[in-house]
Amino acid sequence: MELEKFSGTVSAVLTPSANFEEGVGMTVDFHLKNGVNGFFVLGTNGEGVRIGPEKRKRVAEVFTNYVGSKGLVIVHTGAADLDTVRDLTKHASRVGADAVAVIFPFYYKYDLESLVSFYNEVVQASDLPVLAYSNPSTQGYRVPGRTVEALLEKVPGLRGIKDSSNDPELLLSLSRRFSSHFIASGGDELILYSLTVGIRRQVSAIASVYPDLVSELRRAFVSGDMEKALTLQSKVNNVKSILTEAGPYHAAFKHASKLRGVDLGGPYPPSRSLTPEEAESLTRKLLSIEKT
Amino acid sequence: MELEKFSGTVSAVLTPSANFEEGVGMTVDFHLKNGVNGFFVLGTNGEGVRIGPEKRKRVAEVFTNYVGSKGLVIVHTGAADLDTVRDLTKHASRVGADAVAVIFPFYYKYDLESLVSFYNEVVQASDLPVLAYSNPSTQGYRVPGRTVEALLEKVPGLRGIKDSSNDPELLLSLSRRFSSHFIASGGDELILYSLTVGIRRQVSAIASVYPDLVSELRRAFVSGDMEKALTLQSKVNNVKSILTEAGPYHAAFKHASKLRGVDLGGPYPPSRSLTPEEAESLTRKLLSIEKT
Amino acid sequence: MELEKFSGTVSAVLTPSANFEEGVGMTVDFHLKNGVNGFFVLGTNGEGVRIGPEKRKRVAEVFTNYVGSKGLVIVHTGAADLDTVRDLTKHASRVGADAVAVIFPFYYKYDLESLVSFYNEVVQASDLPVLAYSNPSTQGYRVPGRTVEALLEKVPGLRGIKDSSNDPELLLSLSRRFSSHFIASGGDELILYSLTVGIRRQVSAIASVYPDLVSELRRAFVSGDMEKALTLQSKVNNVKSILTEAGPYHAAFKHASKLRGVDLGGPYPPSRSLTPEEAESLTRKLLSIEKT
Amino acid sequence: MELEKFSGTVSAVLTPSANFEEGVGMTVDFHLKNGVNGFFVLGTNGEGVRIGPEKRKRVAEVFTNYVGSKGLVIVHTGAADLDTVRDLTKHASRVGADAVAVIFPFYYKYDLESLVSFYNEVVQASDLPVLAYSNPSTQGYRVPGRTVEALLEKVPGLRGIKDSSNDPELLLSLSRRFSSHFIASGGDELILYSLTVGIRRQVSAIASVYPDLVSELRRAFVSGDMEKALTLQSKVNNVKSILTEAGPYHAAFKHASKLRGVDLGGPYPPSRSLTPEEAESLTRKLLSIEKT
């Protein structure tokens, strides 16, 4: 699907660790059936950075093939070194993804000029549209809003950004100043806010387990039912709190996915799984909230 | 050189980006001539994580070969994913390094149980002694001192740790509780402190440019000349302040190395180089402090 | 004015440091003329905590008297010690304020049980409605959203909260779960968001200098002109960025107030004033943005 | 006692909340008997900032009178506003303290020029020697080491500083560059380090409960028994860890004081006391470590 034409929820989809091809098929079908046809593959929610490069390539390929023309596939190809980013990016192009997203280079911290040179290199190595991706909590540093905007101005090849910095001011500014770019918000707590300020794509971690909930929230907003939209955003927030407090993040998300009938295995190493007590407590809380 | 037998300064050596073999030879000779025969290769100071895996392997190999039996070579083989860590670790073993060090897995944050499983995997994949390495400012999370100690207890295969968390309490405790491990301090501001509390190995970034200064500091301490040791530790602190405020970190260190006659090229991408103004200002400050 | 009946913009009004009575009159009149009749007196924006207790009392009295029945006056009576909080609170009651707000006790950090005991003491000492006030950047610690909500539940005498933690999730939750309380948002970047989620009172620092701008933003939202509301929220954000980057915070706000014809003197000691260069640069930027 | 003549341990003494005069006498006698005759009164450990100004004055007076010529009394007179600082400072002078210490003004954050004006005001209001006091964890902002040093240079009336920023580099620099000032370290983990770098006064929170332990550590260092000094510093660190993890900080310290026979009551409001479970667990841990 052509990147710029896409509007809607993009699921930050989980990566199966067992029964690989089958898992991808299951989760993609589950999304499509529940109103979500955008896929952000191998991002922070998808454990991309802790999956070895060769396996990452297979994941990218299987997702891209399975989704085909049924949706949008953005493959996250970020890494701590530029060689790996280029390698993964070229591979994503070969297997037919619709775009790549590349997180701000991590481990070290970079200033604007270094970021400009980084994304120029990525753009030159890519046959696909390239998006920047900012996530302070994993990349390890907060890039000021005006640096983000200067980056988009100074690297004309960059087609947009997924911003997970949870900065309402930046989201509003991006929406207004970069209307011809692909701007996507990344924080589940700001889905409704980002819709309100005119952002047309919401990358959502919660959608990876509850695509129905997030697409319903979007529909409520689009149809003008603000009261319902607020109720659903509250529910998204509650589910997010429960999941992030349940134990290791991806262990909790994958447990929740299994509860919904989509068994994707456990988290990739070295993340531990939930203990039986954590799993039981999480199950109870999720079942209780689903009734609300 | 056998890991446990080594005592002394370990330089967190810079990685040449141009004139590769020649650069390694120059910097190793410069160290040996100035009293430092321990080499921490491809660590945070050596830009390891932002150098692509294939180039990292070459760097590890050239350093290992060049140093040979003239010193200790610890190769940093940490990465965000376990497959890459295993691959780099096995390679370091094949080329004959004395040990590997592996930073706490980054990008995501891990608890004790996950860290235990991570280092067990690394130890099993390694023919060499494995050291943990903690550096909160780059790995993105602070691991409490008691978690560090529990890790050393729960992974018997771990032979020690390089701790760069600048936590005086932890250094003292490691020194006393893990005296049969290879414990190395990592902060230049704490060289004298770590000597005082009985730590026998100091990994030093400043030593990568000023091996003479750091080895002189060590000699002053060993010979009981505390007043001189304090003066030299002050000088180390001043040089560190100047370098870290001069512009991008590695650009500054490599500029300083060139000033000392060891031209290793500029920083690896995507780090930018110093501007001419930054370079001139840094030159002036370093020359002025060298006279003190 | 009765607290619960008030709906609208509450200005986090600046405190005159020279020409005292005259200054209060000028700024109150300026607000009333520009559509704002809610006054949050001696809060963070009003320098309350760095004004000595006796002078704080005079400020509270003069504001209360001057506003009279023309608007709502909430006096901030928070301090680091409970005796001072009680003293200031009783005084605010005597001089006829409509409510007091008390920031989470600062300098030390407190858990839920300690906060409950603190606010119970304040409520018992007060004849006026008492609001909690949370501002992590000045109180020095972030109180989790669920602790804030538990506090409101456990201290029935608390009539509401001004929340400046810039936490969209908490604002939504407060709005929905505490609809009979006086809930006010405190971040200028979230004025439109808080209106969207149903919060009826917005305490605004920008309104202390640009009451016309903030009341126009509110009117646009209420009248359903979302496009205009977004434009005005963007302008609020831009003005806020300019002011917070111009030099010492209160020096910049008071300079801006003077530019608008309301000379309230400089900041209270020990804050320094703007340098001539800072003042000139700020003047230029503010004049330029006012034309947009 | 004359400030500059004092060398040794300064206890960051706890403030009795019950049986007031008696409590002061008990704790002072306990210190004197155990080798500590320096008293830092009403500091962070002494709950000064959360005790109302009138009660603070009484505390200052009773301590000053009781210690008399038997030791050094530094009264902490810091507050968020300058009027209160001046008032408390003048009072400390009237009752005969040896010096005052004033923490960097808190709630708001200040730059160098504002700090210079602040301390100039305090010095002018004081008949006593004035010390600055830096404690980032309570004042809410970290002041860079070079700003601290510039402050001492630009305010000639400042006689020294108590630095609790746990910055080994700054302590070394202060010790060497300001040898005619009264420089005191403030972190219990750095007692031995600060002695090593030539700092002659150590303000210690642990000394408020274990004066014997801290004075023994000092004696071991002075007599050249480094092995014993390291053992005692380790013990100080362990006690500190136990106390800071036991529950509300001051509740834990006061419980420990009571265990040692010096009952000073509970913490000042709004801090809660230990729960019975917390108290029992703390008792057990402290008794166990005292045997080591």
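First chain written, first letter: the chains are A, B, C and D, and each begins at residue 1.
Note that contacts are C-beta pairs under 8 Å (C-beta built on N, C-alpha and C of every residue); 3 or more make two chains touch, one makes a residue touch a chain.
Computed from a predicted model, the values in this text were never measured in an experiment.
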item: More contacts between chains, A-B or A-C; value: A-B
item: A-B, B-D or A-C - pair sharing over half of the C-D contact pairs; value: A-B
item: For chain B paired with chain C, centre-to-centre distance based on mean C-alpha positions, whole Å; value: 49
item: Chain A-chain B separation of Cα centroids, rounded to whole Å; value: 35
item: Multi-chain contact residues (two or more partners), chain A; value: none
item: Touch-based graph of the chains, sorted into line, ring, star, complete or other; value: ring
item: Chain A residues within the chain C interface of the complex; value: 166, 168-169, 172-173, 176, 189-190, 192-193, 196-198, 226, 230, 233-234, 237
item: In the complex with chain D, residue positions of chain C that touch it; value: 47, 49-55, 79-84, 105-108, 110-111, 113-115, 117-118, 121, 138-140, 248-249, 269-272
